[in-house]
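Paired with chain B in one complex and with chain C in the other, chain A is shared by the two complexes that follow.
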Partner chain A sequence: MAIGKSIPMLDSVARVTGTVPYASNLKLPDMLVGKVFRSNVPHARITKLDVSAAEQVPGVVAIVTATDFSGEGPPNLHFGSTYQDQPIVAADRIRFIGEPVALIAAESTAIAEQAIDLIELEYEELPAVFDAEEATQPGAPQLHGAFPNNVLRHSKLRHGDIEAGFAAAVKIIEEVFNSPAAQQVSLETQVAVAQWKDNKLTVWTGSQSPYTVRRVLAAIFDLDLEDVRVIVPPLGGGFGAKGNIRTQPLAAALAWKVGDRPVKLVLTRAEEFFTVTKHAAKIVMKSGVRRDGTFTARKITIFWNGGAYASSSAHLVPAGMLRAIGPYRIPAVRVDSYGIYTNLPIAGAYRGAMSSQGVFAHESHMDTIAHQLGIDPLTIRKKNLLHTDDTFATGEQLHDIHFVRCLESAADGLGWHEPFQRENGTAKKRGRGVAIMMKNTIANSSSECRITLDAAGRVTLFISTVEMGQGGHTAMAQIAAEALGIPVEAVSVQGPDTAKTPPDTQTASSRNTQMMGNAVLDGAASLRRQLAEAAAPIIEWLPEELSVADGYVFVTSQPQERIVYAEVLRRNNITALTANGKFSTNVGKLDSETGQGISTPDWHQGAGACEVEVDTQTGKVTVLRYHSSSFAGLVINPMLAGLQNDGNVIFGLGASLLEEIAIDAGQITNPNLSDYMIPSFLDIPVELKNVSLEAEGSSFHGIGEMTLPPVAPAIANAVYDAVGVRIRDLPLTAEKVLRTIEEQNDHAR
Partner chain B sequence: MSFDFLQPDSLSGALEALAAYGDEAKVLAGGTAVVLMLQQRLIAPAALINIERVPDLNYINLKPEGMHIGPLTKLRDIERSTAIQEHCPLLSQTCGEVANVRIRNQATLGGNLAEADYASDPPTTLLALEAQVTTTSVRGTRCLALQDFHIGFFTTTLEPDELITDIFIPACPLESRMTYLKYKSRSSEDRPCTGVAALAAFDGKTCTELRLAVGAACEVPQRLPNIENMAKGQTLNDELVGEIAAGYAESIETLEDIRGSAWYRTQMIRTHVQRVLEDVRNGHR
Partner chain C sequence: MRARSVTLQVNGQTHYLKIPAGQILVETLREALDLGGTRNSCDIGMCGTCTVLVDGKAVSSCLTLTAQVENKPITTIEGLSQNGMLHPVQQAFIDHGAYQCAYCTPGLILSTVALLDEQPNPDDVAIRKYLAGNLCRCGSYVNILNAVRACRTLDDQSRSV
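Showing the complex of A and B:
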C-alpha cells in the first residue's frame, strides 16, 4: 500500500544536498543576464526616456523600452491573466515605485548595472494614492481610465434579509480590522530564462502556473500556444507569489529583442518586494447576535489594496469575499468586497489567498462577541459552526463538512478545558485562543495527466503539478503506485513542461492533491484496462474476467493464473502503454449581483489553538504551544501532511507577529530580510503539533493552506485572554501590544 | 560598480594601501557588513582592502593586566574561548548573542567596532568593560578609550588611514558579577532593540562598583556615571533598582527604527536596566 505511508519527498536528498536543478541555477550556452531599470516615483507622466548612453556600454546587447512595442502587430505591450492592464515596461505613465521602465540584456550583471546607471528618465510627478479606501473617494488620483474611483472589481453577496436580521438582534457589534501588505518570501526569488528559436519561444521559470504563463506569453507575441514551451523545474517556494505572471514577459521580451541568445532574469530580494505582495486589507465587520450567541445578521465591507495593476486581484476579490464570512450559521449576510488600484506594487495570492485577512477579522470578531455575551470562545463557535447539509451564505448546500471535529481536535490537543497557570508572579501572563477557517477552492478547473508503463515495468507520470517544496510530486507518485499496485520506487515523475506534460489549471489553492490526484486515479484506471486487454489473449481469458493489482494481471476467479505487467508488454511486443487521465470540476459560478450559486467543489477546513505568553513590560508575545488541525479526508503521506500543517503555522507566525512591508510615500523602506523580519527556527513554539483529519469514505482533500489563516486570530485571541487587550491591526508587534496595554492602564486609572 | 581589490599580506602593506587611498578605501575583514553595504549600493569605495591575509591580527592574549584581542578575531572564537569565558564571561556571552552562528563564524571584533552600527551587541558590553582600542597608521599608533572611539551614529574617530590593531580589556574587578541582556523586539535572530550590559562588584550585599552600559536604543552605547554612582555603597534593593532604571530611561536620548519607536526604546531601557540589575543582584557571574 503506497497511500498512507510516510515516505520522504522524492527529491529530499537533492534538496538538502543542493542538487535540485532550480531555474535560478540554469545555465545555457551564450546566456545573457537580464536586469530591470525601475521607476523611483509612485505616479508620474514620463516626459523623456533616453537609453542611448546605456546602449553604448560594451557588453550591453539589448535594451527594451516601450518603443519596442509601438509598431504594428506583436509584441503587445500590455498583458494580464484576466485584465490586460499591465505594461511589460511603463510607456507614458509610471504607477508605482519599482515599476519596470526599461530592460537590459548584457554579458554580465556588472555591465547591466553599469548601463542602468546611464539611463536617463525624466518625468512629471502626478498626485499618488496609497490607501485603498482613500483611492475610492471623490478627487482621488485615478490610475486607469476604464476603472472609475480605482475600483478594479466589486464583488457582492446578498443573502437573506439583512435589515430584518439586524432588527432582530439583541446586540450589534462592529469592528474594523487591518492587515498590512506582506511578502511571500520564497527562498528562491522569481526567475525566468527565455530563448527564441525559429520564431518559437521556450521559457524556463519558477512558476506555479505553467499553462497560464504559456497562454499569456502566446498572447503577448501573438503565437500559437504550441509555439510557446514553458518548463518548470522544482521551485524553492511559491506561496502564491509565483501563481501569476511575473518575470516571464520581461525575460521573453529581452530575448525577443536579442534574437538568438537566451536571457536569464533573476530578481534580487529587493525586487521581490516590488514585484508582488500580500493584499493589505481593511475589513469592517458588523454582526447582529441573539443573547444565546447565535447570529441574526452579518455585514462585511472589505477594501483590498491591489496595487497598480489587476494581476490576480481580478479573480481573487470574489474569493476574498467568500473567505471573510466565516464557517457559521448566519441567516442574513451582506458582503461588499472591493479590489482597489493604488500607486503601490501589485498584490497577489499569499498562501491561502485572501483568507488570512478575512479569517483574522471574523475570528477576532467572534471572540469579541463571545466576551461581550459572556460565553466561552470554543462554546460559541461550536454552537454556530456549519454542518453537512447546512446552507452557506452563497445559498449552496454544504457537503463533507467537519468544522466541529477540526476545532475540537485543535482545542483538545491544547487541553482547552484543562486549567493552566496564567501567571507566576512575574510580568509574564499566559492566555489561550482558538480560531477556525473555511475556504473555497477554484470552482471550475481541470487537471490532466499521462501515465506510461514501459517493458521494464517502470511507470512514468507526466504531470504539470509544480513541485515547490510541498511534496506534490511525491503524493502523486504514491497515488499512482497505489492505483497500479506497484511500489512507489517504480514510479518516476516528469514535472511541468508544456511540450511533454498535459495541462493543469495551476498548483495553487490547495487543489493539486485533490484535482491531480483524481486525474491520476483516472489515468491509472485506464492503464489497468489496457493491461487487462493486452493480457487477455496471452492468458486466454476475457478482459472483463481479469483483475489488475499488485503488479500482476490475474484471473479474478483463479488468482494463481497471473502475469506480471512487464511480461504483458514483452509478450505483445509493446514498448510502452500510455494512458491519459483527467479530472475537472465545473460547478458553475456565483451570480454577480447576489453572490448566490455554487462556489466550490469542496471546502477547505482548518483550525488552530494556542497558548501564548505576553511580557507585560515589553509587550512581546511568545507562542509557547500551538495545535493545528486540517481536514484531509484521506491522508496520502502522514509525514508530509504533518509538515505542511506545521509549516503553515510557522509561516503564519511571521504575519501574526513580525511581518509588515513598511511603506513611506509609496517607497518600500524594508525590502530586505534584515529589516523585513520573518520567523527564525528559534521562534517556533516549543510545543507544535498537528492533526490531519480523515473521514470514513472520504477521498483526498487539499491541505496546503488550511492551518495558516487561523494562526493570527488564535494568537490575537490568546493575547486578549492573557492581558485583556484586543489588537485589530496586524502584526501584533511588541510595541503595539505594550502601547495597548498602557492605554488600557491609563484608561483604568 | 567597480573598485580596486587589494589583499596586502603584511600590516605595513595594509597601512600603506590605506594611506594611499584615504577615505576612498574600505577595509574588508569578515565582510558581514561591508559586503551587504556594497550589495545595497550604500557605499561605493574606490578600493576594497582585504586584511584577511595580514598576519598577527587574530589572537586572544591573557595578561595579568587584562585581555588583548586581535581585531581579526571572529566573534565565534571569542564566544568559545575558555580564557574569555573564565576571565571575562560578559564578553563571551555577548558575542554569543550576536545574530546566528553563521554570522559569528565570519564577523570580526575589529570589524564590529569599526562599523559602529548602533544596532549591535559587542560595543555596549565593551563600553561596560572599559575597553581600549589601539589604532595604527603609517603615522603612528593611538590608544583610545571606547567612548572616545564611538562618537556618534555610525561614526568613529578612526582616521581614514588607520586600522584597528588591538582591543584591550582591563582585568575585571575581583568578585564582580556581570551580564548582558539583549532584548529583541522581533525574531530570535534579530539585532537588539535594546542591549544592557552590567558589571557590579560586591562586598557582601553592598555594591562597591556598578558599570551599566546601554546600547542599540541610542546612537552610541552610553554609561551614566552619576547614576551608576547611586549604587556605590548601597544594597541593590528594588527601590534603588527602580531609580537607576528610571534615571537611565529618562536621561538617554533614544532613536527610532523598525525595531521600535523612541518612546518604546525608553520603556525598554527602563525595563531592561531593571532586569539586568535584578540579575546581577541575584548572582549572575
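Showing the complex of A and C:
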C-alpha cells in the first residue's frame, strides 16, 4: 500500500545535496542577463524616454521599450490572464512605483546595471491614489478609463431577506477589519529564462501556472499554443506569488528583441515586492444575532486593493466574497466585494488567498459577538457551524462537511476546557483563542495526466503539477503506485513541460491533490484496462474475467493464474503502454447579481487553537502553544500533510505578528528581509501540533492552505482573552498591542 | 571591470580563478565553480540560504568578498557528502522530512554542521538560537528541530524545552 505512508519526497537526495534544478540555477550556452528599469513615481505621464546612451554601453545587447510594440501586428504590449490591461513596459503612463519601463539584455549583471543608470526618463506626475476605498470616491484619480471609480470587479451575493434578518435581531454588531499588503517571500525569487528559435518560444520558469503562462505568451506574440513551450522545474517556494503570469512576458520580450540568444531574468528581493503582493483589504462586517447566539443576518463590504493592474484580482475578488462569510448558518447574507485599482504594485494570490483577510474578520467578529452575549467562543461556534446537507449563502447544499470535528480537534489538542495559569504576578498575561475557516477552490478547472508503463515495469507519470515544496509529485506517485499495485520506487514523475505533460489549470488554491489525484486514478484505471486486454490472449481468458492489481494481471476466479505487468508487454512485443487520465469540474458559475449557484467541487476546512502570552509592558505577543487541524479526507502522506499544516501556521504567524509592507506615498519602504521580517526559528511556538482529519469513504481533499487563515484571528482572540483588547488591524505588532492596551487604560481612568 | 586572480580551497580542491575584483563569494561559487547549492535570496545576510563553511564556521557568502577567503578551506553543500555517502546531518534531514521546497536546506544543513562542531549536544534553545539566521519560508522548523536533535552525540529525549 502506497497511500498513507510517510515516505520522503522522491527527490530527497537532491534536496539535501543542493542539486535540485531550480530555474534560478539554469545555465544555457550564450545566455544573457535580463534587467528591468523601473519607475520611481506612482502615477505619471511619460514625456521622454531616452535609452540611446544605455544602448551604447559595450555588452548591452538589446533594450526593450514600448516603441518595440508600436508596429503593426505582434507582439502586443498589453497582457493579462483575464483582463489585458497590463503593459509589458509602461508606454505613455506609469501607474505604480516599480513598474517596468525598459528592459535590458546584457552580457553581465554589472553591464546591465551600468546601462540602467544611463536611461533617461522624464514625466509629468499625476495625482495618485493608494487606498482602495478612497479610490472609489468621487474625484479620485482614475487609473483605467474603462473602469469608472477604479472598480475592476464588483462581486455580489444576495441570499435571504437581509432587512427582515436585521429587524429580527436582538443585537446588531458591526466592526471594521484591516489586513495590510504583505509579500509572499519565496526564498527563490521569480525567474524566467526565454529563448527563441525558428519563431518558436521556449520559457523555463518558476511558475505555478505553466499553462496560463503558455496561453498568455502565445497571445502576446500571436503564436499557436504549440509554438510556445513552458518548462517548469521545481520551485524554491511559490505561495501564490508565482501563480498567474509575472515576469515571463518580460524575459520573452527581451529574448524576442535579442534574436536567438537566451535571456535570463531573475528578480532581486526588492523587485519581488514590486511584482506581486497580498491584497490589502478593508472589511466591514455587520451581524444580527439572537440572544441564544444564532444569526439572523450578515452584511459584508470588502475593498480589495488590487494595485495598478487586474492580474488575478479579476477572478480572486469573487472568491474573496465567498471566503469572508464564514462556515455558519446565517439565513440572510449580503456581500459586496470590490476589487479596486490603485497606484500600488499588483496584488495577487498569497497562500490562503483571499481567505486570510476574511477569516481574520469573521473569526474576530465571532468572538466579539460571543463576548457581548456572554457565550463561550467555542460553544457559540459549534452552535452555528454548518453541517453536511446544510445550505450555504450561495444556496448550494453542502457535502463532506466536518467543521465541528475540525474545531474540536484543534481545541481539544490545546486543552480548551482545561484550566490554565492566566497570570503569574508579572506583567505577562496569558489567553486562548480559536478560529475556523471554510474555503472554496477553483471551481471550473481541469487536470490531465499521462501514464506510461514500459517493458521493464517502470511507470512514468507525466503531470503539469508544479513541485514547489508541497510534495505534489511524491503524492501523485503514491496515488499511481497504489492504483497500479506497484511500489512507489517503480514510479517516476515528469514534471511540467507543455511539450510533454498534458494541461492542468494550475498548482494553486490547494487543488492539486484532489484534482490531479483523481486524474491519476482515472489514468491508472485506463492503464489497468489496457493491461487486461493485452494479457487476455496470453493467458487465454477474456479481459473482463481478469483483474489487475499488486503488479499482476490475474484471473479473477483463479488468482494463481497470473502474469506480471512487464511480462504482458514483453509477450506482446509492446515497448510501452500509455494511458490518459482526466478529472474536471464545471461548477462555479454563480449568478452575477446574487452570487447564487454551486461555487466549488469541495470545501476546504481548517481550524486552529492557541495559547498566547502578552507582555503588558512591551505589547509583545508570544504564541506559546498552537494546535491546528485540517480536513484531509484521505491522507496520502502523513509527513508531507503535517508539513503543510505546520507550514501554514508558521506562514500565518508571520502575517499575524510581523509582516506588513510599509508604503509611504506609494513607495514601499521595507522591500528587504531586514525591515520586512518573516518567521525564524525563534518565532515559532514551542508547542506546535497539527492533525489531518480523515473520514470514512472520503477521498483526497486539498490541505495546502487550510490551517493558515485561522492563525491571525486565533491569536487576536487569544490576545483579547489575555488582556481584553480587540485589535482589528493586522499585524499584531508589539507597538500596536501596547498602544491599544494603553488607550484602554486611559479610557478606564 | 578589473579582474583579480584568486586561489580558493573549495571542498578539498584548489581552484585558481580570475574573477571580477570585488566579487562576492556566492557569485564566485555559483558562476565560476558552478556550485548551485549555494543560493542567493535576500542578498543582505538575513536569510542564510547562501551559508557556506569557511574554516568550519558558517558564513553568509553574500556578505563575503571572495578575496577575503583566499586559501581558507571552504565547504559548500556539494562537499559535505563523502564518497557518495550522505553526511549524517543530510541523512537526518531526509529521515525527519526536514524540508519542503529545499531552497534553504543547504544553508540549514551547513549551519547545523557548524553548530554540532561547536556544541555536540545542543539543547532545543541552543538549536533554535543557532539556526535563527536560516529562514525556512515553507515552515519546516519542527521537522528541522527533530533532525538536529537526532544528530546530537547524546540524543537525550528528555531534554526538550
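Going forward, the second predicted complex is superposed on the first by the 748 of 749 C-alpha atoms of A that agree within 3 Å, B and C clash if a C-alpha of one lies under 4 Å from a C-alpha of the other, contacts with A are read in each partner's own complex, and residues count from 1 in each chain.
Throughout what follows, contacts are C-beta pairs under 8 Å (C-beta built on N, C-alpha and C of every residue); 3 or more make two chains touch, one makes a residue touch a chain.
These numbers were taken from a predicted model, which means no experiment stands behind them.
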Checklist entry - With the two structures laid over each other on chain A, which partner does A:Leu738 touch: chain B (first), chain C (second), both, or neither? => result first
Checklist entry - After superposition on the shared chain, which partner residues are touched by A:Gly471: those of chain B (first), chain C (second), both, or neither? => result second
Checklist entry - So, does A:Phe239 touch the first partner chain B, the second partner chain C, both, or neither? => result second
Next on the checklist: Going by the contact rule set out at the top, does A:Thr618 touch chain B (first), chain C (second), both, or neither?
Outcome noted: first
Next on the checklist: With both complexes overlaid on chain A, does A:Pro679 touch chain B (first), chain C (second), both or neither?
Outcome noted: both
Next on the checklist: With both complexes superposed on chain A, which partner does A:Glu113 reach: first (chain B), second (chain C), both or neither?
Outcome noted: first
Checklist entry - Which chain makes contact with more of the residues of chain A, chain B or else chain C? => result C
Next on the checklist: On the A-aligned overlay, A:Val193 touches which partner chain: chain B = first, chain C = second, or both, or neither?
Outcome noted: neither
Item to check | First, second, both or neither for A:Leu322, with chain B first and chain C second | outcome: neither
Checklist entry - For chain A, what residues appear in both contact lists, the one with chain B and the one with chain C? => result 110, 672, 674, 678-680, 682
Next on the checklist: Touching residues of chain A toward chain C in the complex: what are they?
Outcome noted: 6, 8-9, 12-20, 22, 24-25, 27, 110, 185-189, 234-239, 266, 268-269, 468-471, 639-640, 643, 646-651, 672-674, 678-682, 684, 686, 688
Checklist outcome for this item: Contacts from chain A onto chain B in the complex sit at residues 110, 113-114, 270, 617-618, 620, 657-658, 662, 669-670, 672, 674-675, 677-680, 682-683, 733-735, 738-739
Checklist outcome for this item: So, in the complex, the side of chain B touching chain A is made of residues 1-2, 36, 40, 100, 183, 185-191, 193, 258, 260-261, 264, 267-268, 271
Next on the checklist: Touching residues of chain C toward chain A in the complex: what are they?
Outcome noted: 1, 20, 30, 34-44, 46-47, 49, 76-78, 80-81, 86, 90-91, 93-95, 97, 99-106, 109, 124, 127-129, 131-135, 137-145, 161
